[in-house]
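Order of writing sets the chain letters: A, B, C and D. Residues in each chain are counted from 1.
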Amino acid sequence: MTDIHPREILITTIARLLDGVRHVAVGASSPIPAAGAMLLRALKQRAGAPPVRISILGSVEHNFFTNGSVELFDCAGQGRIDAFFLGGGQIDGHGNINLVGIGDYPVSAPRWPGSFGSAYLYFVVPRVILFREEHSPRVFVEKVDFTSAPGISEPGIYRTGGPMALLTGKALFSFDKARPGFTLESLHPGHGLDEVREATGFRFEHADRPPQTELPDRATLDLLRGQVMHELSETYPEFASQMRREIHA
Amino acid sequence: MTDIHPREILITTIARLLDGVRHVAVGASSPIPAAGAMLLRALKQRAGAPPVRISILGSVEHNFFTNGSVELFDCAGQGRIDAFFLGGGQIDGHGNINLVGIGDYPVSAPRWPGSFGSAYLYFVVPRVILFREEHSPRVFVEKVDFTSAPGISEPGIYRTGGPMALLTGKALFSFDKARPGFTLESLHPGHGLDEVREATGFRFEHADRPPQTELPDRATLDLLRGQVMHELSETYPEFASQMRREIHA
Amino acid sequence: MDLQGMARRVEAGMQLALPVDYAGVSMAMTQALIAHGAGDLDLFCVPTGGLQVDQLVGAGLVRSVETSAVSLGEAGGAPRFNQAIAEGCIVVRDATCPAIHAALMAAQKGNPFQPLRGIIGSDILRFRPDWRVIDNPFAEDSDPIVLIPAARPDIAIFHAPMADRHGNVWIGRRRELAAMAYAAQQTLVTVERIVEENLLGNEMSAAGTLPALYVTEVAVAPRGAWPYGLWGEYATDTAEILRYAKAARTAEGFAEYMAAAPAGQLQESGR
Amino acid sequence: MDLQGMARRVEAGMQLALPVDYAGVSMAMTQALIAHGAGDLDLFCVPTGGLQVDQLVGAGLVRSVETSAVSLGEAGGAPRFNQAIAEGCIVVRDATCPAIHAALMAAQKGNPFQPLRGIIGSDILRFRPDWRVIDNPFAEDSDPIVLIPAARPDIAIFHAPMADRHGNVWIGRRRELAAMAYAAQQTLVTVERIVEENLLGNEMSAAGTLPALYVTEVAVAPRGAWPYGLWGEYATDTAEILRYAKAARTAEGFAEYMAAAPAGQLQESGR
């Protein structure tokens, strides 16, 4: 199975992390999370399980909302969104994320776009998956320069959601809010513990010999390369055709 | 001009009280207030003055709202509704209104429908016209049994609206919130001061010889009997045809 | 799904959100609810109630009514409701329309409360120990303001012109129906008809559509608002409401009317 | 009404509410605002900003930006906005999307504030002294919750597919445009076209219509969102936004692009 594309492992891992959700929302320019959600939906469909609903923000086709851009947040506040994805220019070992910028706020350089809905959704969506392909010390820092949204909250703060896992181009971590901190769950094929330790600016727990991230089986891979890539290409045509080129290269 | 119908005097008086408003809202089953608003609109139209907007609640034709039944209240809260009408099973000398019932609440007998939006609109609509055709001591009481909405508020309570006038089948009163209390402004033709005093359960100020309520001139009457009754008949067909029958009787 | 099946979702002691008479009342569900018989219901009227509330009260299924008003409109007071109040056998939680909307909005937003101007000095507030008055923290001087707690009804029930095969429901500009569905745990909808096209498939129909995400079940009930009207579809049958108002003046008259009603309703539905 | 006439309603120091890139940005008004030249503007992005914000900042008309984010989407960061922040020459009031919506909702309801969950522990809150945290008075134990004060922009500006001769504007399911209009003192709208029928005349189009009551002025501007797309009408011209992003990396490149832009836009409009 050396022909598995690294992003196929990410997509399959996301589908696994989402197992059990009824409704997952995905940001506008998040093709890999979208593909993971679509793969889960296809797997459930094949198994005759209850359907998985996917809302892709900013998409016309996958927009099930009719009350303007506030509806995503209302819907999450009602407990009707089970999973969401967040990234960040910086993510630290307490699960804090920074989408605003580097340096002494408010004078940030570079300045990133801003916090979007993170300061709310991180609190009210039960399964937030932190997803960032780039795995480097500039992204995974000891302490973020600006906390767009905190990974954990004091006792007594209303919080029904938070980080469940961190998925990068090199590895998968789980999050323990009691400690708080990340635990390395598995390494993607071709990546080692020392490499990940060097690329990560915060400490994390890990086994002496962490397992490899689970690979998709043949049937899952066929579903992903067939039905899912077809569905994905409707919303992310460039991403889908790039993936197809690289798989067949 | 003995051929003026008593309700034509009410309608003309309402149009006068509304002079200067940009937007007036009228309850679903309030043909006389609606006719007053329509008369004002027609008078302004004839004079080439800025248009008067009329929202009739529950009407499909005169419904300018598209955000459900909350929009009237939102619109009023935004300061976009200049005038509204309220009635009540009881109205007292402080302008308090009771739309709930007689007796020891919550066991009311009779029980009336309820307060509707009065407890809000009375606070935020600048010109609230209290309108009740029946002028009797059972309606105009010393003190209401239940205050659906108070006529006045303590200093420091947010209040941009309140009662401007009380119009009945016998007379027109203005409201002085400083005193607080009603002042008899005029008596409708055929009604006397003693009669009104007897029919009113609360004290009010009055001149020794109160003037008669201003009657519509010929041109206004023509407008009312022509264009306005035609417009009114679209929303209140039974009321309009009854008025027409009585005028021509 | 049939009406009887939908009605079985209603369990004793649940809170039901019901719409105002002109917005789309599922009168078809009234009969089904009475036949089903789950009692001790708490009714939450958005923002006022009428025939449906009166009939559920008359059938003895209601424990409390939260509302800004209950009436039969032109046909006068609601006879069974008013009788129940005079006898003290239901609890009424008097509100004012925007407070009802505020309670739903709080639930829609996942908030514990929603502020609302006005009300202070009203006896409504005096009899609502579940409402709070705080001092507006943004004001320099004292500025009391009412906070309305969120209402999260167990089930919202209404009638609409159409739904599609995906469960999307077209509610037009009657957005209080969406507000009810956002706030409620379950939403049961009766419709005049099922359409073949996807209501979210074009921007024009999507604008007035409540997405299936908020809809638990849909059942077809032609003329399902009768004797109320349905906007854009048919007018209110005022004569029938007057007939009800007259009959329901007594408990016996109400019982006779209701015993005869299903047939009348079926006849209407068959048109 | 023409664009220049509408732009003259904007005075120096006013707060403008502007929509997110996919909801209907009146790019046609951007040019008119720059030509008009009223400065010291406070921009209020609902809930995020893009090209329009970047161009108004680049033209030196902006004093502050309240937003949840500013970016050019696939074309990357907003170059003039980011440069202005690095130089400290505009004030940015960082928010989070639902807080922006909450501020408009408070204004829509005539409320001084609106509560919002989340945010506590975020640096956003730390830098927003205008927001407050109170203890939820309905909770038994301590339960802090954020209150967002009402935003009442002077003018809301957006682009929509159509308006009718009464001034009603069809906004479809982009209800944040209605929220902006409810909250704002004035609302200026550009549209693709004026239609002859009354948009409130049937329930289907009424469901997606912002009533004229909230609309100050309407001007026709075909392809008025370009290079952004308009839902149901035309797609985003990503190549043009990339061209802008590249040009606007420097102040000079921005000036050159903007000097050439009106012609480009007129050409586009003429299609």
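Couple of notes before you dig in:
Here is the rule we use: contacts are C-beta pairs under 8 Å (C-beta built on N, C-alpha and C of every residue); 3 or more make two chains touch, one makes a residue touch a chain.
These are the chains along with the protein names UniProt gives them: A, B, C, D = CoA synthetase.
This is a predicted model, so every value here is computed, not measured.
For the pair chain A and chain B, chains touching both partners: C, D. Relative to the C-alpha centre of chain D, the farthest chain centre belongs to B. Counted by C-beta pairs in contact, the busier of B-C and B-D is B-C.
Distance from the chain A centre to the chain D centre is 29 Å, each centre being the mean of its Cα atoms. Note on chain placement: the centre of chain C and the centre of chain D lie 36 Å apart, centres being C-alpha means.
If you average the Cα atoms of chain B and of chain D, the two centres end up 41 Å apart. Multi-chain contact residues, meaning those touching two or more other chains, occur in chain A at positions 65-67, 73, 77, 124. In chain C, the residues touching two or more other chains are 105, 109-111, 116-117, 143, 145, 173, 178, 206-209, 231. Contacts between chains form some other arrangement here, matching none of path, ring, star or all-to-all. Across the assembly, chains come into contact as A-C, A-D, B-C, B-D, C-D. Looking at the complex, you find that chain B touches chain C at residues 28-29, 58, 60, 65-70, 73, 77, 99-101, 105-124, 146-150, 153-154, 156-158.
Residues 102, 105-106, 109-117, 132, 134, 136-139, 143, 145, 147, 149, 171-173, 202-209, 231-232 of chain D touch chain C in their complex. Residues of chain C touching chain A in their complex: 107-111, 178, 182-183, 200, 206-214. If you check the complex, the residues on chain B that touch chain D are 23, 53, 63-67, 73-80, 124.
Those residues of chain D whose C-beta lies close enough to touch chain A in the complex are 20, 22-23, 46-48, 67-71, 73-74, 77-78, 81-82, 85-86, 88, 91-92, 94-99, 101, 105, 116-125, 127, 141-145, 173-179, 231.
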